[in-house]
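Structure first, then comments.
The letters A, B, C and D name the chains in turn, as written, and every chain counts its residues from 1.
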Amino acid sequence: MKTGRLEAFSDGVIAIIITIMVLEMKVPKGDSLNSLKPLIPVFISYVLSFINIGIYWNNHHHMLSASTSVNGKVLWANIHLLFWLSLIPFLTGWMGENHFSKWPVILYGINLIMAGTAYTLLAKALIQLHGKNSTLADAFGKDWKGKISIIIYAAGICLCFINAWLGFSMYVVVAGIWFIPDRRIEKKLTEQPANE
Amino acid sequence: MKTGRLEAFSDGVIAIIITIMVLEMKVPKGDSLNSLKPLIPVFISYVLSFINIGIYWNNHHHMLSASTSVNGKVLWANIHLLFWLSLIPFLTGWMGENHFSKWPVILYGINLIMAGTAYTLLAKALIQLHGKNSTLADAFGKDWKGKISIIIYAAGICLCFINAWLGFSMYVVVAGIWFIPDRRIEKKLTEQPANE
Amino acid sequence: MKTGRLEAFSDGVIAIIITIMVLEMKVPKGDSLNSLKPLIPVFISYVLSFINIGIYWNNHHHMLSASTSVNGKVLWANIHLLFWLSLIPFLTGWMGENHFSKWPVILYGINLIMAGTAYTLLAKALIQLHGKNSTLADAFGKDWKGKISIIIYAAGICLCFINAWLGFSMYVVVAGIWFIPDRRIEKKLTEQPANE
Amino acid sequence: MKTGRLEAFSDGVIAIIITIMVLEMKVPKGDSLNSLKPLIPVFISYVLSFINIGIYWNNHHHMLSASTSVNGKVLWANIHLLFWLSLIPFLTGWMGENHFSKWPVILYGINLIMAGTAYTLLAKALIQLHGKNSTLADAFGKDWKGKISIIIYAAGICLCFINAWLGFSMYVVVAGIWFIPDRRIEKKLTEQPANE
C-alpha cells in the first residue's frame, strides 16, 4: 500500500486538532482590552500547543516523504500517535483555564511523553518495513533528539511539584529543540534525490 | 470515475468524526486530579469510539486500495456509511456522560450494527462494479468476520437488559477482533502486486 | 491550473459542514429513550441536510471529474457555493430546534435556492472555460433538473405560509429528485472514456 | 520535497477555519425573523471573514501552483501563516458579538496585518528556494498590492479611534482589492504553460 492515504488522513486529523484548539478560547463578554486579560494564559497554552502540533506535522511530513509504503502495523502505529495528539486540545484548554497550575501541567507533560513515544513507535514500524539499511533508518539514526526530549519532559514533570511554571518552561525548551525541522531526513533525502 | 476523491472525502469526514469526539470531553472546572474523575467514563467511551473509527478507516483504506473505480451507487453507499459513523460522537458522549447505563449502550450498539451493515453494502456495491472474480471479491470472501461482528453486537444489545457493562464488553470484543487490519485484502494484494 | 486542489479544498469544507451539523444535536441530560424525544425534529432536519450536502458533494464530484482545468472565476464561484452550504448547519439547527416552524423552514428553503443558484453559476463558469462543445456543456445541457428544483423550492416557501410541514415536504421531494446522481455526466463520460 | 502535502495540510486547516466560524453564530431561541436580528452583526463579520479566508486560500493556491518544491523554512513560514489565520474565527466572533466596537475591530485589523505579513514571509521563503529569476519571483514582483493592503489596514486601525465602523470599512476596501485573484501569477503561468 502507498503512503498517500495515510498522509491524507493524518493531515486531516492534525489539521482539525490544530484548529479546534482555538475553540477553547471562548469569545469574552466585554469589548475592552481588559476583557481579554483572562484569556492570556489560554492564549499562551494555545501558542505552545500550536507549535507542538506544527512540529509533529512537520516531522511526520519528513518521515513519510522518506517512506515508500505502509502496512497494517504502520497504520495502527499512526492512529496510536493521532490518539495522543487528539488529547492535546483538551489538556491545552485545561492547562490554560487553570493558569498553569500543577496537575494540568503535569498531565500535559505526560501526554507529550506519550505522543513522543508513539512517534518513535511509528518510526520503528516504518523502519522495520523499509529495512535497516533504508534512507529512513539511516536518517532516524539513534534518535538522540527524541530521547533527550523525553528526558526533559520527565524533568519538567518533576519540576511541577516545585513550581508548575518551571515545569512548563521545560516543555518550551523541547519545542525549541524541535522547532528546526528534522534536518537529518531532509539532508539524507537531498544526498539521494533519486530515492525521493 | 477514479477512487481518489471518494477516498479524500471519506478521509476528511472520518478525520473530523474521530477528532470532534474529543470536544465531548468538556474541560472541568477544578484543577485537581479529582476534577478529572467524572470524565473517566467519557474517556473510556472516547477510547472505544476512537478505536472503532480507526478500524473503519483502516478497513476502508484496505478496501478502496483494492478498488480501481467507483460509480454513483458506490458514492451513495459510502455516504450512507459516513452517516452512521457521524452519529458515533453523539452516542459516545451520551453513553459516557450517563456512565454506560442501559439505553445509551443499546443505541450505541444499534448504531454499530447499522454502520457494519452499511460497510457490507459498500463492499457489495464495489464488488458488483469490479466483478465476482476481482481481487476485491476474492478478498472479501464470505465476510464471516462481518457476520460474526453483527451477531456479537446483537448479543451485546440483549445483554444490556441484564447489565449494560456486560453488553458494552461485547462491543470491546468486536473491536478486538477487528483491531488486526483486514489481512485478507492485504494478503491478496501482495500476492498480485501487479493489480495494485 | 489543475482541478486537484479545488477538489481537495471543497472536499475539506463539505466534509466539515456535513460533520459539524451533528454538533447541533446536544447530548441530552437523561439516559432514557424519552430523553431523546425532543431531539427527533433535530434528527429529522439533520438527516435531510446530510442528504442535501451529500447530493452537492456527489454532483460536485461528477462535475469536476468532467472538467480538466480551473481559473480564478471558477475558484470564486466555488467559494460562493461553499458559503451558502456553510450556512446549512446553522439553519438545520434553527429549523430542528423550533420543530419546523414557519420562518426557520422558509429561510432553510431560501438558503437551498441560493446554494442551487451558486451551483448553476459554478457550472456556467466551468462551461465558459471548457467551451460550449465540451463534454461538460453537453452533459449539463439545459439543466432542467436544476430549474425544476428552484421552482419546487419556491413553491415550498410559499406553502410555508399555509403549513410549514407542507413546505418542508417540498424540500424532501427535491432531495428525492437529486438522490440519483447526475447520470447525465456519468453517461457522457462513459461514452467518451478517452476524455476522462 | 514536493508541494503536495503542504497544500493538503493547508487546505485542511483553511477549510476548517472557514467552516468553524459558522459555529460562532449560535442558534437563537425564538423562531421569528426578529430573533435573528441580534445575529446580523455576527453575520456581517462572518461574511467578511469568509471572503478574507477565501482570498488567502485563493492566493495560496496560486502561489503554490507556481512552486515546485518546499523546504523546512517554507513549512514553518506556512504554519506561521496558518497560526494568524486560525485566530480569525475568535476575532470574528468577538467583533460580531460586540457590534463592531472599537477594540475588537482594532484587534481584527492587527490580526489581518499579521496574516498579511506572514503571507509575504511565506512568499519570500518560496522565492528564496526557487531563485530570483523564477516564475514565482517574477509574478510576485514588488508586491505593491500587499504593501498597500498593510497601509490601508493600518489606516483602518487608526480610524477606529474616531469611529470603529469607519475602520471596519477600510478592511472591506482591502478585501475588495484582493477579491480579484492574483492575476499576476495566473498571467505568468499562462505565458509559460510548460512550467506549470
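Assume contacts are C-beta pairs under 8 Å (C-beta built on N, C-alpha and C of every residue); 3 or more make two chains touch, one makes a residue touch a chain.
Bear in mind the structure is a predicted one, so any value in this text is a computation, not a measurement.
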Chain A on chain B, rotation in degrees - Cα superposition, rounded to nearest 5: 90
Interface composition of copies chain A and chain D: same or different, split at half: different
Computed distance of Cα centres, chain C from chain B, in Å: 26
Interchain centroid distance [CA atoms averaged], chain A/chain C, Å: 37
Per-residue overlap in chain C, given as positions that touch at least 2 other chains: 8, 12, 15-16, 20, 23
Touching residues (chain side chain D, partner chain A) in the complex: 1-2, 5-6, 8-9, 12-13, 15-17, 20, 23-24, 71-72, 75-76, 79, 82-83, 86-87, 89-90, 93-94, 97-98, 101-104, 107
Touching residues (chain side chain D, partner chain C) in the complex: 7-8, 11-12, 14-16, 18-20, 22-23, 25, 27-28, 30-33, 36, 47, 50, 54, 57-58, 61-62, 64-65, 179-181, 183, 186, 189, 196
